[in-house]
Every structure is written in C-alpha cells, then in structure tokens.
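Shared between the two complexes below is chain A, which pairs with chain B and chain C, respectively.
So, the complex of A and B:
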C-alpha cells in the first residue's frame, strides 16, 4: 500500500458527501404537501350513484363473496316503487366494510356487476379505536351530484326501474 | 390570567406544565422498530429521505426497547411472537405508546387463522391503528400525526 492511498480514499469518499450538498432535497413535506397517487392506486372505497340519484348497489353480495379477508358485510332488502333505492328488485339496506380487515385488493370492484363500488385514492385511514374502522353505507356512498336534490328512497312510477343491471350498450366495453 | 397580568409586559410567557411536557414528548418520540413483515418495508421507507420521519422528532429507530417511547408494530404477529412482543413492551420505559401499523397487526387482516394474533391489542394496549395492506409511508406518518394529537391532549393523570 502506498503512503497516500488511505488519504486519497478518504478524500474520494468525502467528495461524494460534499457533492450531495448541492443536490435538491427529495423530501416530500407530507402533511402539507401530498404526492399524487398513481392512476391505478387503490384506497378507500366509494359507493356510486346513477345520475338520477339512485344507488348503483343492488345488494347482491358478490363483493362480499369475492373478498379474501371477509371485510364486507351486505344485507339486502326489497325495493318498492314507493321507496326505491336502486333499480331492480333489491338494494343494500346495510353495507359495511371493515377498513382494518380490507386489504385493498380491488376484488370487490371486479366482482361488482353494476360498477357500484370502486376504490378511491384516499389512504389516510387511521383510527384510535377499532370500532371506528367499520365504515357503513352512509360513510361510503358518494354524495348526490351537484344540482340534483333527489335523495334515496325515491317515489317512482311503476314499471320503470325493472332492470337491476343496466343494459349493455357496447359489448366490447 | 394570573401571573402574566401581574408581571405586565415583561416578555414572560407562561404555559401549563402538561402542555410543555406533551410538547416535549411529541418533539422527540423515538420509535422502536418492530418490523415483522412487509409493512416494515414501508416503515423503512417512511424513515428514509423521501418521507423522513425525523421531521417529526423521530431521528432514529431504536432496536432497543429501553431507549424508545413508541412501538410501531409493523406486520403480522404470530402466536409465538406475541410473548416476545409483550416482553419488549414491558421493557420500554413509561410513558409509552403503540402504533399498530397495517391490517395484520391491527386485526389479523387476511390471515384469519389459528397462527396469527387477531390484533395486537390482545397483547399490548394500542393507541393508533393504521389501515392499509401495507399502508403507504404517508399513511404511517398520518398515524403518527394522529398519535401526536392524542398525546397533546393527554394529562398528567393518564400516566400516573
């Protein structure tokens, strides 16, 4: 080993450290500044509505059957034309997701025949009590679209909303 | 209220001792790493440059329970690991807090079977549960901020 070699190695190493002084910091200042999520990110669930305010969920429980961690509980009840929640025969009278059980795999989204449930982009799910983690239908369902004031249940004319699953317009879709 | 009015404008600020103690606790809360599974990767990421938990007074993760205030249980806890978890928790000095990070630590998650503890709150008292499988580093930081809010509202009696 030559005499100057350890010193040279030290200088070489410190040069790397010195160069990083001029690099821009990479830290995202998280609570103030949020990094946008990827398009296919799966976060907190949202239950959707049709444009007329009716709920898309028909209470078929396919999501709860597809769920690998049994996080979803659905209870269905009958629709009537006086009190209509969703098109078709039945609607979800109870819809609960345990956010601490859910593994955000998106199988419920794939299983849903009416595209009622999708996984949104909210990941800030922290709880101080385990019971708070069970989200019910009122927390999950999306608010009414702007300008419409038709809440569910609606009173509708008989024979209009007979199909639970909307007719497929484009088979390739 | 009291002493400020008597002293007048003398540049004296008074505060409650509880507030000062809680302020100090939230500014230097050293976490004990308890990485058990994939959540630990996100916990490491939260500690690294992009998210940098040292902004919240968590300069370094202590592998030793005697120097830590906060236990972050990241990952599934098996029945065999549970006594170890409890022992490490008991070795931590008071005051101490626990964050249960991820679904498996919080309630067993997808592993609903005989081998996994269905939530570490069977073993240790948990302050904050963070959902996600695994949670993003931001979600863990959100949990830490939630814990800080909880600590700020604590009184001396809570730790008596």
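So, the complex of A and C:
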C-alpha cells in the first residue's frame, strides 16, 4: 500500500458528499408533498358516476363474488324514476369495503360489468379503529363531476335510463 | 315386446323401462343432456331444440327379424339429422351420442340462436347465479355470436304479471314451461302465449293478474330470469345465500322447504330469511309449494311486535323480568293451582307438545287442544300409515273429499289429488257448494249444509253406489274438512267417514285411511299425543285458576271473552296477540325458523325442520321453556329436541321407531333433482336433510260410534251463516306478508243472487254483520254457486265464526258528505 492512498480515498468520498450539497434533494416532504403514483397503481377504491351524475354501480355484487378476501359487501334495491340512483332497475343500497381485509388485487375492477369500481391512487389508509376501516358508499363514491349539480337519487323522465349495463357494441367493430 | 330396454349412452350401457325418454335415461347414467323446455314433471314440448343428440338404431334384418351383425356387433345406423332427446323414446340397442362433434355443434348452434335476443343483463337479473341459460352457455355456448347486435328484441323491462310475479319479456326464451306448468300441473291456465315469433309474450288473462296459488313455482322452473318473484326482487345474489332445510308451517300438508338466509345491513346486520324455496320430497310436495308457503312462510317471524323478553304484569303494566324469575313464577302458579289448564295449539312441534304433556302429567293438569275441528282421535287410528304416498294412487283406487275446499285449505293436497284423478283414481267430491276440485271429479255429491254426517252415513249403506265403489277399490283415502262445521260436527263427520273406511276394509294399511284437513301444521301431532279439544273454552276460562296458553290466541280469535274474574294466564307466544295483552306472565318463544323440531303432517308423516336464523331477543324454544319450568318443579325433562323425540318415541306407541336419525334419512328420488344441474329440475333444492317418516297405525280395538250431529240446517226464509276456510286470511301469519295484502283483501261474504234479491242487497254492497254478539263490516259478493239460504263467512277474516249460526245483516249507510 502506497503512502497517502487512504487519504486520497477519503478525499474522494468527501468530494461526493460535497457535490451532493449542490444537487436537488430526492426526499419527498410527505405529507406536505406527495409523490405521483404509477399509472397502474392500485390504491383505495373509487366508485364512479356517469356524466349526468348517476352512479355507475348497479349493485350486482359481482365484485363481492370476485373478491378473494371477502372484503366487499353489497346490498341491492330497486330504482324508480322518482328516485333514481343508477341506470336500469337495480342500484346498490349498501356498498361497503373493509379496507383491512382488502389485498388490493383489483379483481373487483375486473369483475365489474359497468366499470363502476376502480382502484384509485389514494394510499392514505390509516385507522384508529377497526370499524373505521369499513368504507361505505358515501366514502367511496366520487364527487359530482364538474358542471353537474344533481346528486343521487334523481327524479328523471320515465323510459330514459332503462339499461343497467351500457349498450353493448359489436366487439368486431 | 319387453318392458325394459337396454341402450348405450355415450358408451355407458343402461337398462330402463320402455317408454322412457332418452333425456331421462341419460340421467340414470349421469349423462346430462342440456335442456330448457323439457322438465321431468311437465313432459316434452320440443320447443327449444337444445337437447339435440345423435341417435343410432340397430339395422334389423327383415328376413330374420334380428339385428344385422358386423364383427359380432349389431350394425348401427345413425339418423341423418340430430334428434331431440326430450321427444325420442328409448329402444332396444339404441346408441346415443351426446358429445360427438355433430351433437356438440348442434347444441352449440341452438344456444347461439337462443342468445341472439337475450339481453345479457345477468348482473342485475335475480336468476343470475342459478340460471340454466347462464350455466349452459358456459358449458356449451359459443364464445362469439354471429348475429347482429342491433337486431335484439327490446321490450319494456319488468312487466308485473300480478303483484307476486314479474315478467321480463326480453329474457324469455319461449320454452313454455310456465304455461305448461299452469295448464298441466296446476290446472289453472291463467297465463298463455300472445303473438308469435320474436314478439311472443307471456300474458296473464286473469283478474287479479296471475291468479293461481301455485304461481311462484313458475319462477323456479323458468330456465331464464323471465319470471321472478316480487318477494325476492333484488334480495340477494343466489351464491350469497345460505340454505337451511325447513318444513312449511302454514297448513297440514307439511311441504318440505329450504329457507335461504343472508346477513343483511338492512336488518341491522342480522341473519334473516330471504326466500322460501321448495325442497324435493316426492312423497309430500314433489317439487312444488303454494304461494302462501312461499310468500307468507316466514314474514311473521320478523314482525316488530315479536316478544323478546319475559314479562310479568304488575299494577296492570308489563315489566320485563329475567327468565329465572319468569320460570319460578310460572312453576309456583302452576303448582299452587288446584287443576291448571294447558291450552296448546297445532303450531307447536311434537317435542314442545310432548314436554308439555309430561309437565301436565306431573301436575295433574288438564291438557286441551285449541282447534275447532275434531276427529283427530280417529285419524290417529285409521289415518295413513307408513308407506303411504298419494302419488301411488291411480286406477282402481278411490279418493273422497268431503266438506273441504281443498285448494283453499291445502293446495298441495289439491294438486296431488288432481294428479291421482288424472292417473285414473276415482275422485268423489262431496261438498255443499261448488269447489275447484269438482272439475277433476268423477262423482260430485251435493248436500245441504247440516247434512254432512247423514250424507256419508247414507253412502255407507251396502246398496249405495259409493259403498260399492269403496268395497271394490284397491285403496281408498278420505279427506274430510270443516267447511260449515264446528268441533262437534267435524268429529261426527270423521266418525261417519271412519265407519265407511272400516266397513269397506280401507284402514291400517298403506295408502288407505282418513286424513283431516287441519288448519295448523301439527294438529295431527297434537292429537296423536293425546291433546283433545273442548267444546266450551269459555267455561274453562271462567272456572280455572291458572291457564297456560301455548301458541294459541283464544282472545283474539273471539273464542273466549275475558270477564272481570279471569284466570292467571301464562302465555307462551311469538307475537303480541290479544291474548298476550291480557296475560299475567308472558314467555317469549322462538319461531320455527330459529330452532329445531318436527311436525306431524296430516298424512301422519313426522318431518324435521332445522334452525335457519339466530333467535330474536331472549326468546327460547318452547320445549326448553317447558323443561325449565319442569325443572323448578323437580321434574327432569329433556332440553335437546333429538332427546325429547327419543323419549316421545318410547312413550307414544304410534311414534315407535321414530328418531331424528330416521326422519333425516334420504333415499334416491325420481326425478333426480340437483342444484348443480339446474336446467333439469329448476331452482328447486334437492333433499339431503330427510324425507320424514310416517307413523305406525295405532292399534285399533274398537271405534267410537259416530253420534255427533252436523251443523245447523238452513231454514226456510232464514239466512244461515256458515264458516268456510280461505287460503289467504287475516291470520297474523298471513297478514304479515306485505305482498299478499291485496290478495287477502277485506272480509267478503258470499250469497246466492236470489237470496240477495229477496233481502234487497246488491252485489258489492257493504253490510254490517252481527253474529253471536260479534260485529263486522263486510263486502257482499253475489255468487250463484252458493246454495240459497246460505251466507258464506270466511274464518279468520275479522268476524269470529266457529260454527254455523244465524247472522243479522244490515246495510252500512254511506255518510253523505258535502
């Protein structure tokens, strides 16, 4: 070992430290700052609405059937034109997801026939009580789209929203 | 020609009776040919073409009459086209290929065709999850359709066929199962096809819509979601439901049912019954249940006025007490009384009744059955015995129905008797007015109200035609009811019927005997155990110190009027009835859905029901409450229903050999119904929890001579009110079903048009009727089938009527407003 080599190494190391003083920091100041998630990130579920404010969810329970950890509970009821929640005859009167059970696999998204449920980008799930981990429909449903002021249930004209599942298109087209 | 033929289906050889269809024969070797329109109980229609198979038959050498051989095997010629397995009869040497390329292609293409106009709204369809079309599409369907999407048939969704059944015309595949069921099985063709081709619809042409007591069954056999019940609409998805075997508690038939349950947020997180489904028992209800059982079967157990805690009356107010205090008080009161009275009803299970009997024995108490129909002592002696099955009755047998409108009182018996008549059994209907069963009868005997007993006694004279028919018949069964009759009259009628059966030798062997058309599920069991009714309950209430009332509402029914001095009343009940309102000690019991037990049906079959939902409040099963009271009187009684039954079998000779193990036995039934092959039998549940077991005939030494007198006879110029039984009445169990409210309606009394003219009432008039000191408003229906001088008053509809009586009629004056 030549004399002075350890000193050189020390200087080289310090140089890297010194250099990084002038670089932008990689630390994200969470929670003031949030790091954007990847496009296919699977976070907390969101229940979507159509543009007219009606809920996409029709209460079919297929998400609950697909769920491998039995985290979803759905109960359905009947729509009327006086009080319409979703297109078609049926809507979810109760929709609950137990976030402690959920494994964020996304099977519910796959099972949904109306693309009503998606796993969003919210990963901030903390609870101080097991009961708080059960998210109900009001917590999951997305806010009203811009330009729409009608919440559900809506009073609608009869004979308009008759199809629960959006009209099917020929997949070959 | 031999009666049995051997054929090969998919390489499996099977020998079946000649005349069988290929689709049924395949079932024997577990080959499941897809079907939609065929149903083992409905027969062939060949409307859907789904069951296409390749059929080959051996080539017969005309010279020898034997099959031509090739390498030692018969030469098989396959038909040029595919054949429908649901119409092709089996023949000797037949070869059926259900999985060949040609057959599979045929099945696949038919399915593709059926789907061209199906809306595919499975996510919101109540059938989704137990849908034959869905399942067969997964098994046999094409992945893609070649038909144009915009050519689908669109129709308005959800057309109510009545208040009970909804029709979705888009989903209908026009198999006609529902139409054929109503016409051939239920015998009430109230729905039919309208239009043709793609616009073919199912329509109801009755008022009210789909006016049949069997309408719910069409939703079970519908192979798609075209027919669904309003009761279960969007209630749950089928795969989320749990199933518990049960027995219908609405009448004496004892239909086997399955209660589907689910935990619900709507019911505060409780597990609740969501629907009642039939469970196969070919000896009782086959695959069917009536609408009363389906739509009113469980709602009363979920009423808000269920009793949840033991209560005592203190200073004229109810106070909740602990069970321990309640038991202690009941025990003390019963012990201190000189001769306590136990008043029980046929709503209780055999186990409850047996424990009550044991407790009463220990106390020296009087045991009374709350009913207004007698003759159960005789049905115990000459009733149906083990090995009886109404489905065995046919040519050479005779069935007599007297004083009962069976379709209103026991719809499933009506159905099975009608079928027996169609098989060739001689059906004799003896009734004072026209009933629906008469259409299928060989003989109709009409008598005047009051002549019931005399009519049957006349038939028992050796020269009488009906006596000769009975003497000649291989088997004979008599169903007797209580139309127009009270306790004494019906006891007398039972006696007359017994004489006829005994004199012609039709008793104490299978398929022969007397059946009482009881109003409650376990009336027969109560009689078998030795409970007997008493003619005048009022006297009992007037003189007794302590009355222990279990499962009966004598105050609400108007059977007793409580006076200032009333006995100490211990009432064990489910709901807050009027009797409970006057009770001194209230013991909350569990409903049949919340506990185990057995009922003895009118055919003397002991059948077991299981717990489906958790109990409400602090309620306890009746047998347990009785055992607890007994324990405080130093009498040890069993608290486990199975053990109570063992004791019961030991003590009561008729129940000899019966145990929970025995009543839970199952043998293979035909047709083979299976929830995994829904397309064959429908959504009906298979029976894995027990077919029940029939009681032995009680040893007969002598028969009591029938002396009872019939009801009152109509007198010239006077009107006589007679009680009749209705399926949908205002009893609490039926009234609690929200859907049936419209069908129950208000109190309607019927009268002959001549009589109405004479009295100056028109059809639809509002009358005030006074009868035996009770008053009620009623709607008058003028009906030419009612005999003159008679006013038909339905039981349990607001006007207490136990026997025929003289009514006082007056018009309700309309208030003039304005």
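Methods note: the second predicted complex is superposed on the first by the 137 of 173 C-alpha atoms of A that agree within 3 Å, B and C clash if a C-alpha of one lies under 4 Å from a C-alpha of the other, contacts with A are read in each partner's own complex, and residues count from 1 in each chain.
One rule holds in what follows: a residue touches a chain if its C-beta (ideal position, glycine included) is under 8 Å from a C-beta of that chain, and two chains touch if they have at least 3 such contacts.
As the structure is a computational prediction, the values presented were derived from the model and not from experiment.
Contacts of A:101 after superposition on the shared chain: chain B is touched, whereas chain C is not. With both structures placed on the common chain, the touch criterion links A:9 to neither chain B nor chain C.
Within the superposed three-chain model, A:75 lies in touch with chain C and out of touch with chain B [touch as defined at top]. Once the two complexes are laid over each other on the shared chain, residue contacts for A:124 go to chain B alone; chain C is not touched. Residues of chain B touching chain A in their complex: 49-52, 55, 103, 106-110, 112, 119, 121, 127-133, 135-136, 138-139, 141-143, 145-146, 150. Interface residues of chain A, counted against chain C in their complex, comprise 58-62, 64-65, 73, 75-78, 88-90, 93-94, 96, 113-114, 162-165, 168-171. Chain A meets chain B in the complex at residues 26-31, 34-35, 68-70, 98-105, 123-130, 133. Here chain C touches chain A in the complex through residues 120-121, 123-124, 128, 144, 148-149, 156-158, 233-234, 236-237, 239-240, 264-266, going by the rule given at the top.
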